[in-house]
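Below, chain A partners chain B and then partners chain C, in two separate complexes.
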Partner chain A sequence: MIGRAAVVLLVLFMTLPTVVVVAVSFNPTAIMSFPPAGLSLRWYANALGYPQFQRAAVNSLIVTAAASAIALLVGTAAALALERARLRGRHVWATALLSPLVVPGVAAGLGFLILAAGLGLLRSRLVLIAAHVALVLPFVVRSVWVSVKNLDPTLERAAASLGATPWRTFRRVTLPLLRPGLFAALLFAVIVSANEFVVSLFVSSRLTEILPVAMFTYVVNYTDPTIAALSSLFIAATLALVWIADRFFGLAAVFLLDR
Partner chain B sequence: MTALRSPAGPPSGAPTPSGTRVVVELRGCTRDFGGVRAVDGLDLSVREGELLSLLGPSGCGKTTTLNLIAGFVAPTTGRVLIDDQDVTARPPHERGLGVVFQSYALFPHLSVFENVAFGLRERRVSEAEIRRRVGEALALVRLGEEGARRPRQLSGGMQQRAALARALVYTPRVLLLDEPLAALDRKLREEMRTELREILRSVGITAIFVTHDQAEALSLSDRVAVMNRGRIEQLGAPREVYERPATRFVADFIGASSRVRGRAVATDRVELGPGQSLEVRAGRPLSVGATVELGIRPERVVVAPPDGPRVNRIAGRVTRLTYLGAQTEVTVEIAGGASVLGLVPEPSPVSLAVGREVTLALPPDAFLVL
Partner chain C sequence: MRLLLLPSLGVIAILAVALGALFQYSVLAFVPGSLQTGGFTLANFRSVVSPQYLGSVWDTVVLSLATTALTLVVSYPVAYALARSTSAAVRSALLVLTLAPFFTGAIVRTYAWILVLGNTVVTWPVPMLFTERGVLVGLVHFSMPTMILLLAAAISHVDPALERAAASLGATPARVFRRVTLPLSMPGVVSGSLVVFAWTLSAFPTPELLGGGKVKMIANVVKDLALDSFNWPGAAAFAMVALALTLGLLGGLGRLAAGRVER
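Then we have the complex of A and B:
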């Protein structure tokens, strides 16, 4: 009984901030009060109609899509190399590729900023994409690596014995069997990249800034619930992603759990 | 044993003594794995249409030998030939062989039909032809109804047959089987042994398979290569290997045998102790004066023989009885302390008990001189 009560309390504690944000987003008044005084969609209209948010949403889509795609490609190659190739100092490489950035985001952001300035790329999305690739890569490598480890190498030998070239073997056997891991990797990459704030703040300009940065700028200047509405949309989008993942692959497979 | 190995480096295409074509040939193949020699200067010729087994304990190099032929492992030195062509440098997918793996290695993401069709698709066979040939292959292994299922929905025996169909469907030049029955439980294994041989015979394919199970090797193959420490100790027909083991290792590894030690007092007589000698007809004369170790298979030992010619009769005492159902294994200690193992069919015509005195007859032609 006590155990169940503790779990319920814990879940309440963890979800409370989300609940508050969603509730506030429907507030008809211009202040973020809780509980809300009524029900209105005006802040949703405001959020969706705000030009800087529209521009930031496009930036977010571009940066997240590009960074996730690059990280998936590079990360898969890295995971395969870590498991298959006889690398010298494999453990060092593995540790470097698997640990999420251990330096504070501020330091990393500053580093990217200095590099970007040196290369004259301050106004480009390229730096933002590069930074996101670096931040997302450990998550990608980790989930692909687990799938690679679970892959029976005899299956690839079997394909070769049946006449498949290395590339055909990769296409017809390796890749399909890695699919749940690749999908999990993509999901992680998208979620991490879409929510990344600290490093992005350093390497964003007004024209290239992504949604979390635009939201922060908005909060600094205004105090109406627009930001709560946008946050609720964000939450909905993430939940939708997870739902799709579960629908097509099963969450157990995506998060590599045993059912 | 060297006489039983194939001659080193016969000219290409030369017929083997039996006059059939050589399909697979290993010439002086050695393979090291980080300082460990898995295969050591191996010569082997596999003839068209024969079923050849590589038999030996784990670590004897039999699987590495198979991998050398399949191309999964490259020899450190030596050459691999298929149909007189040097394929040493050719990758597995260009060797045109079929492989049945111990774990079956069926593709879990494909249906049984698509598993079997895999090799045909790689060969760009037309869709209609694929349907026809996969259908035939599945019928051959009695899986005609299971094409739509996934491998994990099949029983172990069915998976084994699906793996066989997948490797046979494109009529490979040679079929390699790595411990094909080891993953099955005993009863199923014995059924599959018969079925496997019938399928391979009906297809008429050349097959090489690896096994550590002597019953499997003896019952499935035309020739058995007994391997030990990366070398072939003996290569011959099952009966030959069993009845005339060329080395002590082969005698020990294949079948049980008892050993007695003595001194050759004539070219056909061995003295075990004072006043006790045995007549030995082992096919070659013994060198007089030398110490000789004789082996004898339990099924050749006659326990409590009826009256008859009194050749090689030895008295002893029963020290152990092991009931095996169809027969009982009898351990008899003879004068001098050596133990001889014999088999008595059940129900036993003689009454035996531990401690009882018993007479053994050892036929002169039953001895293996080790």
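Then we have the complex of A and C:
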């Protein structure tokens, strides 16, 4: 009983900030109170009408779409090679591909900033997109690799023995069987890229900055609940994505928690 | 088939070049008022341990240790429930609630803690926002999902029959936990602690926003030097220290995971 109460309390602790953000976003006044004194959508209007957020939202869309698409292609190819190719030191290659996970954000961020300055690309989105591809790649490789591992090779051999060309086998057998893994990979890529903050802070200018960076600047300078409204929209979108993921693949499977 | 690996290695190579540039800057002299650099020097690394910055390094280590210990204690019960619940609905709910903050992004989460710690919800008896206490709360909250997932994976590998056997032989629940469950879940405890400690060492948004400029961890010093003072060589030295610490710790973890831990 005590154990169960502790778990409930701890889960409440984990969800408390989210609840507070959503509640505050409907606050009618700029002075925040909890619970809110009334209901108002003015901060949502403010968030959606703020020009810098609009510009940052467009940047976010461009960067996340480009980085996720590139990472999905590159990462899927890598996952197939890791599982299927005759490789020496498979472990070493895998470690290299997962290595962006362990590089501190400020180290990667400053490194990319110095690189961008050296290449004269400080005002372009190219380095930002390249950085996002690198940061997202480990998530794609892992999700797809698990799917490739679980794929029954006899199905592909059956297709080949019935006369399908390698390309046709890939398109009609391999790819459809990998679809859940590919979808999970894309989901991860989009969520990680859309929320990436530290590296993006270093390599973006006022013109190229993505939403998390614009939100950070706003939080530092203003105290009204506009960010609460924008955060609530972010939380709603993320929860929807996580719910969809759980619905279609089971999150337990994605995180390899199944017994 | 092997060629399919090439594009991804290209991506990793870009990251490697960026980190190479970082290393190069860390050993070049800073020319104040300019982004041009001078010749080879070790002065940037000497300033990491100078009295001006040693406080930040010390704060970083202390806060990281405290965060790791606290996170371990508060994550274990949730991880245990997650691994052992027989109801699929409870497991699913726990997992979604655990992962939701994981996916919510650093800025949204940290902003939420500004509201909670800033006397919006309750009035705190002691100041919380812009203190190390507040930063610690934010860091623990930030680390919990990772720790819970790693612990739950380890706990789910502990055979419940062993716990039942201990209990049937008369061990109290506390003793079963101390002598059976905890020792057998040690791999998760070790890997969770190492990952959380390494990540906290280079934490940035949490101390930046919850510390309000009063609490400076290594990453905040990097940002101040790089983006406010335009001292890229000085910032690069701090970033290299963070990188070396993280890689050292997680490299050690990799070796542990490779099977040198006795279970």
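Here is the rule we use: the second predicted complex is superposed on the first by the 237 of 259 C-alpha atoms of A that agree within 3 Å, B and C clash if a C-alpha of one lies under 4 Å from a C-alpha of the other, contacts with A are read in each partner's own complex, and residues count from 1 in each chain.
Throughout what follows, a residue touches a chain if its C-beta (ideal position, glycine included) is under 8 Å from a C-beta of that chain, and two chains touch if they have at least 3 such contacts.
In this text, all values refer to a predicted model and were calculated from it rather than measured experimentally.
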Contact-wise, after the overlay, does A:164 reach chain B, chain C, both or neither (first, second, both, neither)? first
Per the contact definition in the header, classify A:172: touching chain B only (first), chain C only (second), both, or neither. first
Looking at the overlay, does A:110 come into contact with chain B only (first), chain C only (second), both, or neither? second
Taking the superposition as given, does A:24 touch the first partner, chain B, the second, chain C, both, or neither? second
Name the contact category of A:240: first (chain B only), second (chain C only), both, or neither. neither
Give one of first, second, both or neither to describe whether A:41 is in contact with chain B, with chain C, with both, or with none. neither
Tell me which partner A:119 touches in the superposition: chain B (first), chain C (second), both or neither. neither
Look at the residues of chain A and decide whether chain B or chain C touches more of them. C
Is A:197 contacted by the first partner chain B, the second partner chain C, both or neither? second
Residues of chain A that lie at the interface with chain B and also at the interface with chain C: none
Sites on chain C touched by chain A in the complex: 1-5, 7-12, 14-15, 17-22, 24-25, 35, 74-75, 77-78, 80-83, 91-92, 94-101, 103-116, 120-121, 141, 144-145, 149, 152-153, 156, 198, 201-202, 204-205, 209, 218-219, 222-223, 226-227, 232, 235-236, 238-240, 242-243, 246-247, 250, 254
Would you tell me which residues of chain A are touching chain C in their complex? 3-4, 6-7, 10-11, 13-18, 20-21, 24, 32-34, 71, 73-75, 77-78, 80-82, 84-87, 93, 95-97, 99-100, 102-108, 110-115, 117-118, 130-131, 133-134, 137, 141, 191, 194-195, 197-198, 201-202, 212, 215-216, 219-220, 227-228, 231, 234-235, 238-239, 241-243, 246, 251-252, 255-257, 259
Once bound in the complex, which stretches of chain A touch chain B? 152, 154-155, 157-166, 168-169, 172-173, 176-177
Show me the residue ranges of chain B that touch chain A in the complex, using the header's touch definition. 70-72, 91-93, 96-99, 101, 103, 105-109, 118-119, 122-123, 166-167, 170, 176
